[in-house]
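One chain, subunit A, appears in both complexes that follow, with subunit B as partner in the first and subunit C in the second.
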Partner chain A sequence: MSNEDAKHTALEEAKRAVEEAEALTGGSAVAVHATTGPRRSPLVTLAWVAPGTIWLLLFLIAPLVMIVLVSLWQKTPVGFDPFVFTTEGYTKLFQTPVYLDTLKDTIIRALLVTALCILIGYPIAYFLARGVSSIRYQIALFVFVLAPFWVAYVVRIVAWLPVLGRQGVINYFLVEVIGVRAEPIDALLYSNFAIILALVQLYVLFMVTPIFFQLATLDNAAIEAARDLGATPAKVFREVVLPLSLPGVLIGCIFVFVLVMGEFATVRLIGGGTIQSVGTLVYDYYKLPDLPTAAAGATILVAVMTIGVAVLLRFSKIREVV
Partner chain B sequence: MSNPDSDDMRRMNRRQFVRNAGLGAVGLTAMGALAACGGSDDSGSGTSAAETAAAEEAATTAAAAEEVAPYQGALRVVGLGVDLIDPIKAAFEAATPGVTLEFTVKSTPEITQLALTQPDSFDIMSGYYHQLDQIWPSGNLQAIPSASMTRFAEISPLIADGKLSESNNPGQGDAPFRKLFATSNTELAGEGNKTDMITMVPANHNSDSFGYNEKELGEQTSWGIMFAPEVKGKVALVDDPEVGLMDAAMAAEAAGVMTFVDKGNMTKEEIDEIMSFLISKKKEGWFRGFWATFDESVNFMSSGEVLVESMWSPAVSLLQAQDFPVRYAAPDEGYRGWGGGNSIFSHVADDPSKQAAALAYLNWWNTPEPAGIMAAQGYYNAVITASYEGLGAFPDGEAYQGYYLDGAAATTTLNDPFGQPTITEGEVRDGGSYEERCGNFAVWNSRMDEADYLTQKWQEFKSA
Partner chain C sequence: MTWLWYIIGVAILVVPFAAMVLLPIQRSKPVLTVYFVLFVIFMYGPMVAMAVLSLQGTSGSMTLPAKDLFSFHWYSELNSSMSVMVAVREGIGKSLWLSLIVAVITAALSLTLGMAFRRQFRGSGALFYAILLSLMTPGLLLSLGLSFLLYYAGIQKGEGALGYVPIIGVQAVWALPFGFLVMMSIFNRYDARAEEAARDLGASNVTTFREVTLPLIWTGVFGAGLFGFTLALNEFERTFLVSGTINTLPLQLYIITTASVLRPYVYSLGVVTILLSFLLIALFLVVSGVTGRKTTRAVEEDGSGVDTPSMTPAAAGGD
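Now for the complex of A and B:
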């Protein structure tokens, strides 16, 4: 309801703006005309949306449908039998508590990583967007933030070993240099701690980027108005900047949550194989090969991710803010 | 008094006998001898008609085989990273003008999966004998007449019969001699049934054990070290339910935790018992990791994260070449063996010239050049004389033969097939000579009947 109202007001405002602009420029506001200009033929519209639609249908929707179908087919030693429908793939997943426990761990890990990414990513984005005035430096620093992505995935992961390992920098410091520990701490590597550390490092960028763009395009007039009205910097942030940047935070959350839910390579390598995620579990079934069970595991994962994203969208009411 | 059942049975046996005799005769005709087997009962005339037809067909095929134009083009091989290496590709292509190799490197389970689901994408499968229980029934691979394997008569008795000498321990599980022979494109012959058809032309085999840090642990000769108190938290297993469990099972047996009737084919109860033991150990923090790749196993050991782990022998050599104090154990309880070879996909038979080229590739593996390339990484060829000849052709060939096959100290620095020095002068191979290293097997890599159950339990173990 309030959504509709908001749209309504916005439309009316836009119309009024158009009228004002036309009055000012003698009815030749080109930019305005472009959006309200003569209707395009439906064929042209179709031509515009066709490539994207076909792409998504072929490479997103079709594979998803396929995964759901495979999850319901009968496993054979050779693969699956598409003429026999069965829920065996699902019952197999729930025969032992392994899948549910792993799913629970995966969700907790994803939420934790998302929260940490907000905590770490927001200040970075804020500094980039509001603290750096020159656009040249802004871009230079943003590219710098991208730096981890210039390095190959595996290299980034392997690089943790000399830092967190039993004979790594941190343990060396703790045991040899300051001597607060007699034995190195094993839990630094091949542990949940290590996985979360690596995931935050990997994905914080997906939080920084949308927040940065949201903050960079924030209307300075709103901030100046708040200041003029006597708001303290803290209040300006709380009442103006933060609410206006929330869509960026939300998009970041969706990115990070979805990526971490589906993670398997980092979990596999940084966990040293001792820790599972739904992704590694699905991969194990795929290797067997037990494709229906792997597909069932993937289907449930997709369902959970969709619910997660829906919840995020619902509670944040992103469309109202935008 | 004869009951109808046993009568039936006898008739069945007789008919089967006749059929087998007929098949034998067909085999003989194909070899150029005359069919001398006359029908003695009422089905006899039918048999000889079939014989004649088959003989004619064989003759036509033989004639066609002579006229087959040499194959020009690529042979698509799917296999393991250890076998499908550049020096092998280069050597084969140099020896066989006009034929190129397209290598697709995959892990063992992936190869099984591809062989089952995409048999038309490849011409040759390079893999292990223990994959055959799973792949063979699909009919995707061809049984090859043993007569068409050039050096069939020279196969090491270990591969053909299970033992190098009478006193040897052949070990449990899917040893090559149990999977080498087939009765058809879909049926394996089984232990003790040496037919004239083979599943894979055998190429490489080796004895695996575990790697350990000698500086920290001293010399170790028992799998039991994996569960000794001093290595708590510093043990890794390969993340493969079959091989990793086998290593853990041998360690548990050696440490006196439990025993198995057949480690190569454990019962559900045995799997339950070993898994609950492993899970309790994991919860104690016993295992540092489960490695999935060769490099990961090297990193585990070289970074000091583990003191003892499942390891492949080239990983040990790699670290030894860097003077890291790692040793490959020669366990008292015996090695875990593996054997592999090459098989031709069934569809290749439709193209006689490609079939001939594929067969030539399979046979090429038992020649000195590839055998030497593999032997310089520690692997043995099924025709062990090929390994000797291949190593002998290297500069300082005697040093290679001595170190890799005879258990002698290296008389000079030895290089791997990529030209990197791996063995320094004076080193002696862990476990000794070919006869010593291949004379004591506890078990071979195997596909168990309860493989699915085992995988499920392995996942429980990994996520415990």
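Now for the complex of A and C:
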């Protein structure tokens, strides 16, 4: 095997391992164009491509397009009239101060949760990737950390109720066990604090996973070389570890930001109906039913998400240049 | 006193991060280990609290202190004739059936897409991003859009001829990227020489696929199906607005939780679904372990069957 071949194999190997682990976790993915298959006729290709494509068009693309269309259609008592074009839904929303306030709150909340996920998730990914020397333990710990992702999302939200409630675990410890407080804290449940806490717990794995995969493929030789050349640990982190892990951070940020922007159930269940997000407002309009206004709310949400993602990508481009 | 708690909270967040940035890994490891344990408590703590409270006796309540531990009273309650429980059991039955169908569809779609992506084709980039988009679309939006589409097409939601189609549709869309990535990883370490040999010996495309390709990748297909099953079973937001009167298990749980009076059976129901999910992951790990051994025998070093995101000895050979 020539050197080139060996290098190629090693690269393929590393790529494959990352993908596999990513598949296991639903983490980020790197676009890979495998060329392992035999040559084939266009007809065969079409046969393989068609089922998945049709499914995605029908159940992913069409619904998203539909949201934008409905937001521009006329409201009727139970639904919408596709033959009358109007921007009533948008005007209604922009004349409702509650919607704009909620939009602002939702954006702030999403940014805050994303920042907290980086702050909490990065050291965890770093520890798993670089602090655990045995590969066997590394995989075991990673699967262990990741397992909650597979638990029903509603169940994970419900599990916060006994922790945060007026007589929940936290208050119980503060009042009864440690005795630092005479009265339980009311604001734990049904508060912004509770929502953010639960959201971080629900989505932090979307941050840990891509960072972990980036750091796990990090070559120890690069770090040792930097150290041998006299770089301080802080400099090694800033100049070697951080730049190499940035793509993972970026993918994590996109996931967390977008998913938290669209949050509905956590805000409803833990916010107890007093705290709103754009998601809960959209749902309220949907229930009225005022479908075009719900669609307009959702379209604005999608627009904000797209802007957010574009800004993140732009930011990463700048980082690459510097 | 409140400020003290703020300081403690901020310190817990900042100290490990600072240690990571400022210290070499050997020195920061103890701090990070402690932090990792705290993180595990953060992730599992609420579930453990729920599990403990689900084991209370008859007098048990939704909050601490837990009363007359340990009893399976609230688990046997799941089997009672209360109307809530009848609905829950119906929900479980429907969920299992739906998940099974979604599993089969996810496996089939992942297989075909996996085969498709073995070679580049026109639009492969766009299709790849569409698959990723399904991972990134918030569930509520998908649900909302599809319910508009159903209204537009005049399809009745809920029990009825087409009522299950949208549920299966969105759940499979949600599971597809996971199944697809499983297939991608299978094909990335797949040795195409066996296929070539079969073709050289005169086998047709269909025969080659059936006799050579499929036996080599079936564990991956099964894995994709398992992902589909688990994700469909636990799916909530995507199903929420398209299900009509069909209440799957997570929807039942949501309905119970938003109802006024909560009893600890909510916790036991939660624990049952958690255990079911963990069982399914364990099954997946066993299956992927089998695949790992079968297809990567040549490069497998430690024989654990689980692939590791690190450079293998092949990397050393490159120097």
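Observations on the model:
Operating definition for what follows: the second predicted complex is superposed on the first by the 252 of 322 C-alpha atoms of A that agree within 3 Å, B and C clash if a C-alpha of one lies under 4 Å from a C-alpha of the other, contacts with A are read in each partner's own complex, and residues count from 1 in each chain.
The rule is short, and it goes like this: contacts are C-beta pairs under 8 Å (C-beta built on N, C-alpha and C of every residue); 3 or more make two chains touch, one makes a residue touch a chain.
Nothing here was measured: the structure is a model prediction, and the numbers come from that model.
In the superposed model, A:Leu281 lies in contact with subunit B only, and not with subunit C.
Once the two complexes are overlaid on the shared chain, A:Phe193 sits clear of subunit B and of subunit C alike. In the superposition on chain A, contact is made by A:Asp290 with subunit B only, not with subunit C.
Looking at the superposition, the partner that touches the larger set of subunit A residues, subunit B or subunit C, turns out to be C. Of the two partner chains placed by superposition, only subunit C is touched by A:Leu60; subunit B is not.
Residue contacts after overlaying the shared chain place A:Gln95 against subunit B, while subunit C stays out of touching range.
Contacts of subunit A with subunit B, set against its contacts with subunit C after fitting on chain A, overlap at residues 79, 158, 161-162, 165-167, 268-269. Interface residues of subunit A, counted against subunit B in their complex, comprise 77-79, 92, 95-96, 98, 101-102, 158, 161-162, 165-167, 186, 189-190, 268-269, 272-276, 281, 284, 287-290.
Touching subunit A in their complex are the following residues of subunit B: 107, 109-110, 112-113, 116-117, 134, 137-138, 233, 236, 239, 282, 285, 287-292, 296, 299-300, 303-305, 452, 455-456, 459-460, 462-463.
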